[in-house]
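Shared chain: chain A. Partners: chain B in the first complex, chain C in the second.
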Partner chain A sequence: MKSVFSLCVQMSRPSIILKFILGLLWGIIHLAISLFNLWSLLIYNIECYLISSGLLWKYRDLHLDRLKYLAIVVASKEAKNNMKIRQLLCWLSTIGVKYVCLYDIEGILKKSFEPAMNGLRDGKAGEYLDIGASVNYSHCGHKEMVIEWLSGSDGKEGIAKAANLLCSTYFSENTHGNGKREPTFTEADMASALKAVGCGGPEPDLLLMYGPARCHLGFPAWRLRYTEIMHMGPLKSMKYGAIVKALYNFSKKYQNYGKLGFQL
Partner chain B sequence: MAGSRTSCSPSADPKVEKTDEVVTTGVLASLQNFLRKCLIAVLSYGPMPKHIAFIMDGNRRYAKFRSIQQGAGHRVGFSALIASLMYCYEMGVKYITVYAFSIDNFKRDPSEVQSLMELMEEKINELLDNRSVINKINCKINFWGNLDLLCEPVRLAAQKLMASTAGNTGLVFSVCMPYNSTSEIVNAVNEVCAERREMLQIEHAGDCNGYAANNGVHSEISVADLDRHMYSAGCPDPDIVIRTSGETRLSNFLLWQTTFSHLQNPDPLWPEFSFRHLVWAILQYQRAYPYLEQSRNLAKKQM
Partner chain C sequence: MLSNFLSRTIHRTRLPDYRLQAGTDAAVAPPDALAQSGIRPESLPRHVAVVPDGNRRWAQARGLLTPDGHEVGRRALEHTMEVDYLMGMIERTIRENVDEYERRENGIRVHVIGDPSRWPESLQKTAREAEEKTRNNSKLHLMLATCYSGRWELVQACRALAHKVQGNLLRPEDIDESMLAGELQTSAAAGEFSCPDLVIRTSGEQRLSNFLLWQSAYSELYFTDTLWPDFGEAEYLQALSSFQSRERRFGQRTA
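Showing the complex of A and B:
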């Protein structure tokens, strides 16, 4: 059977017919998945509707005490949709989230929101959370919420900056001894260097990803270690019920080593 | 997906295994092989991943649900790993990376850590003795992580296996053990720093005035410098990261390398992870591929 197959492949590899058949089958499989996805999207939308209308009891009482810090990652294309972002922030503050961090790789959110929020800058909250850029947001007339904006440059470039700082300290300490000691930085050194270059900050407990695929898009590594990453679909079709569901699922999570678990 | 299920069903059917008729099993096995190859051929029509990374989660839970010993769960997990490795090889995936042991895992019960280490030593030695599997796929095996944290026999065996497969040019199989991403980054920073120091010393020796120039002589450390010193240097970033057992966090695994990776969290526990789950993962990746590729290209342009 094996040899028949290899013969078949060998003979018809250049032929267009085989390629056509493979392409057709591939297309049919993906079409079937699309139909299946459409069906599950319908179910999901009905569920979200039921949650937001308050008909599902278990979602009514949300325990947010474990959610200290929430991160939102938005795909570049969708980050330009200011209205949706405002709406999202509004919902989060209604739900009672206290600290939010918004991230997109190009820094579109940072550019479009930070100047507008400058007047509202709150130094105290920033100090408390070790974050440079934070503002108090009480736009919706609900409870106050601290927001931080991050971009791709706070990720790998931030680590490179911290590495420069560590290296220059190392050189200034070792110039006289001709630098015989091997550099032995620890993770704690790195964390404080990151803080010093303004790329430190708390690790979010939950990260909601808005975009076509589940992908963190370079969210700062030092703040992503044990973060639960949940994919929420495209921003343009975001739903209040979906956020409530994600927060509910998060409250049921258990971690062995992260902040949520008991250290063994 | 329907296709993948039919191709797998013969092996999943216990009746087939029990049958004494060797001929029937032989025919079924080759039929299964044939169907699998057909399915892979169809799948390969779309974009295929070059690098898949696995977080092998759920071995202990598997043992608990099946009421078998914890160590046995890890053993079944190891067979699942070898099976996945062979399937990936058939699919033409060039790089496989697995999270075998986290630095945090040292916090587990000492007897469990001990038995895990013994399992690893045993399996590495098995691979060293019986080279048919490695030779068949011409596999190069890397160990990523702080090997100094391992006990002596395991470390020596790992180093021996790495050295003996270093020349192979086929599949590249990287085992992260004992690894975590933040320690990898710190290690890279240390190495870059040591490299800079050497450069400085050479310059210093050449300079008769002994003018110690520690600033400005060399350019700033860049992201590319750090990239060169990661364990993963020379290996493309993973296209898919699969964490089994439905958990949604990365648990300090390849945080630096997964900027544009498709993160998947299928429900089965690692020992249950089979061919159909792998096919499903690749189908999901193919759906996300246009977006991931677009984001990657956009980021490259802006660099």
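Showing the complex of A and C:
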């Protein structure tokens, strides 16, 4: 059996000078950390400003050929800020983004914007997107943009509805058909079922998350397979330059989809 | 082809007991680094999912097995060989460590998830044996995902529900989110902890790559440029620190 003895040594009270030095040192460390954070923020803001002004050449010519479809996830608390959402859409239109999907889990965006845009619905876009609206922001730019509004009900709930449909079809075929066959659903069957229940749609190439937490807050799982995900910080402090930088970084990304491919 | 990367899901069911164990000299103590790094033990993630990416780039950067970009045929062959090697590696890892996992002080419970029809028979056997040997352990739950895909998992959950419909155990109209979630492999393996609190992906890639698509709805996503072979304790502590510094207000979580 081992015994542990602890020896308490009474330390002499440190002198006032030593206390002062330690306090000063502590203050200097805190100041250094604060200055570093301030410096990082300043650099970020300057960079965003320079991008917005078009002074950083590499960001001037964005190659958006690979960005067929952009998704934006907004925290529900921030989705109520209609002005910021309009500004965001305006900027994306100016940049030249063609298809945008806006998502918040509670469906605040869907309720706020979709009814107003129903009159502008484009037939062709509607075939491509389940909830499509072709919007021309005349005051923002000349480019037309297809917008899809999604909420939590298009996510897990949508997959459950699709499963419901698949099982119903399977059950009715087995009841009225000859003999019992094994359920051999495939990914294609699931994709078709999702489309049938109104929760289908293309896979975004890039997803930008606005809000305090770095998570996609239940964005439709089926459509997130190879989506690039970037956190943009709070919506209230969004910057045009930050969006351009995110799109530029995406354009430089390389995906090999699990294959042995190398960018040469 | 389903995702051929090896995905490791580390699932903490509860924090280890840090007190002295009766009859032992050593305490099952937390790593000193945890205490020193200012990480609060009471708010650690319960379930951490890891996509250990960057092995090839790590090897390439060191001049090891650099594939010729133009030899597409050879590249395909190497890919096949790599998958076989990964399967063998998972099998060896389980076989070599299962006795250590089984020991009470380690208390590691092992689960292998993914499409078993794509595993070699030897891996199927090893996985079954390891799961059986460690099923009563509860300190740490280790899930290894191989030949796994988030979409495949959702499809097989639908198949499982269809089987229940076929056996008149369920009506199709009763199918909801929780039922579907209950049929996922992770739910069978980890129960209430099937959804990760934190998803770590190494090597600078910022995507889920078909990994835990359903389960990661409210997971904190942590992407690091560090390649998997270089990902050590310091990087893991950094991920935990980042997790704790972020605001998390999602209320009640659904499966």
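In this section, the second predicted complex is superposed on the first by the 200 of 264 C-alpha atoms of A that agree within 3 Å, B and C clash if a C-alpha of one lies under 4 Å from a C-alpha of the other, contacts with A are read in each partner's own complex, and residues count from 1 in each chain.
Everything below uses one rule, namely that contacts are C-beta pairs under 8 Å (C-beta built on N, C-alpha and C of every residue); 3 or more make two chains touch, one makes a residue touch a chain.
These numbers were taken from a predicted model, which means no experiment stands behind them.
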### Message
Under the stated touch criterion, which partner chain does A:L62 make contact with: chain B (first), chain C (second), both, or neither?
### Response
neither
### Query
Does chain B (first) or chain C (second) touch A:C90, or do both, or does neither?
neither
### Query
After superposition on the shared chain, which partner residues are touched by A:L22: those of chain B (first), chain C (second), both, or neither?
first
### Message
So in the superposed three-chain picture, is A:A196 touching just chain B, just chain C, both, or none of them (first/second/both/neither)?
### Response
neither
### Query
What residues on chain A does chain C touch that chain B touches too?
2, 155-157, 159-160, 162-164, 166-168, 170-171, 174, 183-187, 189-190, 212-218, 221-222, 224-230, 253, 255, 258, 264
### Task
Quick one: which bits of chain A touch chain C in the complex? Just the residue numbers, please.
2, 155-157, 159-160, 162-164, 166-168, 170-171, 174, 180, 183-187, 189-190, 212-219, 221-222, 224-231, 253, 255, 258-262, 264
### Query
For the complex, which residues does chain C have touching chain A?
1, 3-5, 25, 56, 60, 67, 69, 75-76, 78-79, 82, 150-152, 154-155, 157-159, 161-163, 165-166, 172-173, 175-177, 179-181, 206-210, 213-214, 216-223, 246-250, 254
## Note on the structure
Residue positions on chain A within touch of chain B in the complex are 1-2, 4-5, 9, 19, 22-23, 25-26, 29-30, 32-33, 36, 75-76, 105-106, 152, 155-157, 159-160, 162-164, 166-168, 170-172, 174-175, 178-179, 182-187, 189-190, 211-218, 221-222, 224-230, 253, 255-258, 263-264
### Message
Looking at the complex, which residues from chain B come into contact with chain A?
### Response
1-3, 27, 30-31, 33-34, 37-38, 41-46, 102, 104, 107-109, 180-183, 185-186, 189-190, 192-194, 196-197, 200-201, 204, 212, 214-215, 220-223, 225-226, 248-252, 255-256, 258-264, 283, 286-288, 291-292, 295, 298-299, 302
